[in-house]
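Here it is: the structure, laid out below.
The first chain written gets the first letter, and so on, giving A, B, C, D and E; residue counts start at 1 in each chain.
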């Protein structure tokens, strides 16, 4: 349960940065924090107490595998999610750099041209 | 049992670091700290029997992400107003 | 039919003569009231004849030329559509041609003709007078319509004959007594129709010399004059039919129309003049309200 | 005030999330379709690493998408920063000789290590993505230490493109000869826990390794080379 | 059939390949790019066609890796997926082509990859049958979209991209989490599998919460209010091409996911949720666009609103209690909406790309300089706002009639929103057609294709759904409508077009003769066709403009009116009604100063049409027979629609300017015949619906009062008009008020009066407007004080005008009196005495403006600048002559018209006896009075001639004098200006009635408009432009959803 709580808190802290921080770089950092939290949560969801990693490198594991390993699917999903996360971060950072090159500031208040 | 307490310690550490990341004015420090969070997370993944994820998180989350953040901060500004 | 047309022609001539006579009488009475001698009561005949005999007449165009005919036909038509003596083979005139609605709209024809001719003259006073006249008409029409509708509803007919028949059987059956408020409204609006004094805005002597026909002269004017006279008589007869129970013979007709004729005459000599907007506002309030009393009564009782 | 409102919102949101996860007790067994992956995985794919088995075969289509995402990110970044004029160049300090020498030595080693990771993706933890990242970190090391290091952009693009195409082509091969896209029955599956086993899985992971390595290297280079013209 | 995996794999491979190729050769990269898109287009098209033609019946299931569904990922392509896939690649191809012609931004290779992967991602979203795979494709789409949105690299575009990125990340986090939770809860990621598993588990609040989380993530992508700030910013800031693809294709893919989620996840509150969010978004967005000054953002509001409507429809579509037929209709409507919106909105955004400024004032007048642009723009706007025969119209119609009666308030919501849409779209229309604008870019091929696709889709929808809805079209009418459109090609020569139009109308009359006059429908048909033919005759010479569309639009109006009166079914009537309204909108908009008028006309037309539609919806049946309805709502709604066209107070606000400023050659039709369609509608509404409700009599009494008040106030206001056409406009409105009174009486006499006056009003008002057109053509102004004395130059026009005016005033012996007489008789017989009084007064006041027309235009002094004008052109003179002769003949022989009217009514129960009979001496005799038209005519003409001859013989020599030769205080006036009394006619009267002519109703309408705008202005402020706020809204809305729809407290 501690894992769940911690990862949810991580998500929330990340979201907090998105909601409150006025620096766009900080917002991107918050998003990446959120990603970390989400990944942690997913992996914790796949965990089964007392099981081993889903790598069948010992003969013993070959039989009756499902009673011996943790759920590999969430891990596979997280693998994808992490890569996607870094991709989003990269694009986000390029957008931030582009924004900075336009106005020379990272303050969100300067980026309110589009509204209403 | 000790392992579990250690894990809880790590989780708390992550949260503290996360708060630091959010609240510090120094973006570079924040990025380094968030990389550290990923590193801690990868240890946690090991505990959760997810070596693949642990590797990925260490390589991508802690390494690559931090790196591109640092580059981006170098190209923009280091301190939050 | 030929006989009928012939008599109608005679009656029309009589009507014109009566109208001119009444005009003379009115001038005489006005003069006497103002401590003047005044012209003779036949002065209007003299005027018409004099104008008619003038050597040249000035015309401003086709409509200007045709307007007096319009005026005369309009007046004559109105006069001939109103029965003088209901049921009389000749004195009921051409009342088969139409009912009260027809009469009320036909009345406008003469005015329209005159307005057209006057307007074509190109004299600025003419349209001023015409617009005043029309505005005033919009004013007095409302109380008049209220009372007419009262009568139509009360008698369940729109024909003049029907209304007259409904008043038979004694003086108290006259609408002036059975529907006094409606009658009052109508008689007040008669003041407007006759352009007697408080409502004398069309031919305001100080402002517009003689009203619409400013540019008219000689024989044109004589036609105009005749038309106007017979038009006035038509209205008196109409009022007689509507409110005073009609007439059983010519004598009554003369008497009643003369009485009606006297009413605006006296008012004329007592009151000062309204401005136009005052006149319209007046008509749209007081007489209308008075008429509405009877209208509402009818609406409820019906 | 804003902070308080934000915290209130987030706490409520967190409450709901906690509510959800509270029905899945931590560490408890709860199998879904993955039971099939676990029980039949070796039989069907012969890859010891079940995660790899899932990532590359059962849910290989996701991975194709994932590769695409990375490719997309690299492309988008290259596109966006192509004309970006960011902050002035830092005064660059020439790296020390130690660093230069060490990175010269480490560079091939790191690349080799990365290659090892993705080649053994079906046997040990790690795979194309992790290996690719290690390769990219080698490139980064060189970038930092050598002032004049310029990865060949054309080569990088070509490698990443070809690797991607190879991935798709392997899928097509499955489509043509194996009956369905990405089918893992066109090559002999081999024996469990051997390097040459698991059919197309290692091939795909190698392609991914190359692709990710090239992409991330390119990405880092693109970001790193963005400079503002001297004013 | 093309395997969907091929589409995705080949696109992917070629994206990678372009990545290589672009390094070496841009040309080859570009070539390859288009090759891929074309392949995709044809592949997706083949699938869609396969489904449409029935060659593919089962959904295509693709097992990737050869694993059966729950194990492996699979693609599932059914009919909807195929449709959306086709749509995505169509739009993508159009967008790519447009971008190519405009020039891709550098580096080109990269942007092409992004573009390709964006469409690929959307297609993946559409095709996939697996939730996690969905997430991956959403991410592909999103990242490509972030890059593309920023691609313009302007300050605005990167700002928009950033906001999009932040909110999009939150959304995908929600989706990812909920997918994983779903996996934990059900043990599967496959959509179908989850659907079957979820049916087996009880829906505890926690499961619902998971589903809601997924939905919340989706709702962010679906741009629901108020978490759509990012979307609007994207619409405003990004390159229009990107926006076209986003709004046209990508969003539709998300919408399909929404539908699938509703189908597979069996969320109990799905209906409520989609109703609240869809309906709310729709309604709010349609109104907050009112004050928007930026065209792209404004189009964004519209997109958001359309999406809201789609979400709302989804709620109904997936409602299990819906009958099968309704479900079918809603499904069709959703498809139509999607296609309509995609094509139209993409076209509009691509058009916006051609205009330099995206500000509203930057669009000023651009339609007038760019005919092709105008065509595309009008087509798209018409389609979006739901004008027949475009798909938007059918979509709206299908949707409305599919919604069950117990949810009828939703209809209200939809229609009110649609009204808001009309207001702002036609504000744009107005702005864009006002004045002379500048040339715009010529990159129009792609939007043109979009517009053509729209038309095609509309016709297909017409063919597919009209009969299903019970809409029946007379084939002759359709043929004639086709001819009308075909007339367009004669546009190079105006006279040819005119002659062609006459031929078409003539042919129409020839074909329609058997239908004419037999009954009510035939009566109006005769009026429409014969009347229009006459008025058409008078259109040729007065126009100096050479718009190719005038005659086609004119004919469309004519034949849609013909179709309208021939309709035997309320819906058919409605379709033609809309066609007529919008074709006449086009015509009104041709007036050079009529842009505002056309706008207001559009708004009021929409008010009328939508309330009519709501009324039709509430009717128990659609055929034109006696229908039993409860309550007053239905008749009220129905009649409101017709009253708008009759311009009855308080719905008359549009009339003054629409009549006054529309092209002179069109106004006769507008006043003479189009307003009569309102009469026709009210007549059948009273006959079939109002006659059957218990409060019918009092309802009719209110209608009567409306008519009387309209007649009175409009007449009064007409007196003070100085513009000829505006005066006639008010007069026309007032006259139609009389007709309404007659209709409301609903006695034989009253309806006789109404129909008589209908025809008569057409004759004299048509004549007056034709004369006005001729006069304005000759004199060059419609401002009456600058005319005068024209009797000397235009005797024929004067004569016919005079006769028309006498008819208008209702003075015997001209025909106008008949209507008056019948009307008063009916009123008095009915006992509506107060209405009688008001009506009488109104017709008295009418004399005032009648004189004004005659005096100001024809009499008085001829102005110097008009001294050389000629008689009106020959065709107009002919029409005038025909009409004025018919006025005179009808005046003498009213039976020529009364007999046909009686024949019409003979078939209607309760109306067999006309309420009057004929006698030899008394003429027409009613229960109350009589009137002998022939006698009056003979008497009048006879005595007039007699008097004239007598005068001519006896009177003195008549001397004609010059126009300045008047007795003027002894002075000799120098110029006509000194003498002409034109300005301020009736100023004295104005003082007397100033309280009555205060434009209260106009002020009220303006007040409503201002109030809504101001309110919208306030609501709009929630889009602060700050990304923190946007994120906060997302969280807020999510927790609200979680709180209210799960039961977890």
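Here is the rule we use: a contact is a pair of C-beta atoms (placed from the backbone, for glycine too) under 8 Å apart; a residue touches a chain by one contact, two chains touch by 3 or more.
This is a predicted model, so every value here is computed, not measured.
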Maximum inter-chain contact count - chain pair: C-E
Chain whose Cα centroid lies nearest the overall Cα centroid: E
Rounded Å distance, subunit A centre to subunit C centre (Cα mean): 98
Subunit A and subunit B, separation of their C-alpha mean positions in angstrom: 11
Whole-Å gap separating subunit B and subunit E, where each centre is the average of the chain's CA atoms: 59
Computed distance of Cα centres, subunit D from subunit B, in Å: 19
Sequence positions of subunit E contacting 2 or more other chains: 132, 136, 139, 143, 146-147, 150, 153, 177, 181, 183-184, 1028, 1032, 1035
Shared interface positions of subunit B, touching two or more other chains: 50-52, 56, 60, 64, 68, 71-72, 75-77
Overlap residues in subunit C, where contacts from two or more other chains coincide: none
Which pairs of chains touch, using the document's own definition: A-B, A-D, A-E, B-D, C-E, D-E
Parts of subunit E lying in touch with subunit C, wherever the complex brings them together: 789, 791-792, 795, 802, 806, 809-812, 817, 820-821, 824-825, 828, 831, 833-834, 836-837, 840-841, 844-845, 847-848, 850-852, 854-855, 859-861, 921-923, 926, 928-932, 935-936, 939-940, 943-944, 947-948, 951, 954-961, 963-968, 976, 979-981, 985-986, 988-989, 991-993
Contact set on subunit A toward subunit E in their complex: 11, 15, 18-22, 24, 27, 31, 34-35, 38, 41-42, 45, 73-74, 77, 80-81, 84, 87-88, 91-92, 95-96, 98-99, 102-103, 108-109, 111-116
Contacting residues of subunit C [partner subunit E, same complex]: 52-63, 65-66, 68-70, 72-73, 76-77, 80, 94, 96-102, 105-106, 108-109, 112, 115-116, 119-124, 126-128, 130-132, 134-135, 137-139, 141-142, 145-146, 149-150, 152-153, 156-159, 162, 214-215, 218-220, 223, 275-281, 284, 295, 298-299, 302
Contact set on subunit E toward subunit D in their complex: 5-6, 9, 12-13, 15-17, 19-24, 62-67, 70-73, 106-107, 110-111, 113-114, 117, 120, 124, 132-133, 136-137, 139-140, 143-144, 146-147, 150-151, 153, 177, 181, 183-190, 193, 204, 206, 209-210, 213, 1028, 1032, 1035-1036, 1038-1039, 1042-1043, 1048
List of subunit E residues in touch with subunit A within their complex: 132, 136, 139, 142-143, 146-147, 150, 153-156, 158-163, 165-166, 169-170, 173, 176-177, 180-181, 183-184, 229, 232-233, 236-237, 292, 297, 1020-1021, 1023-1028, 1031-1032, 1035
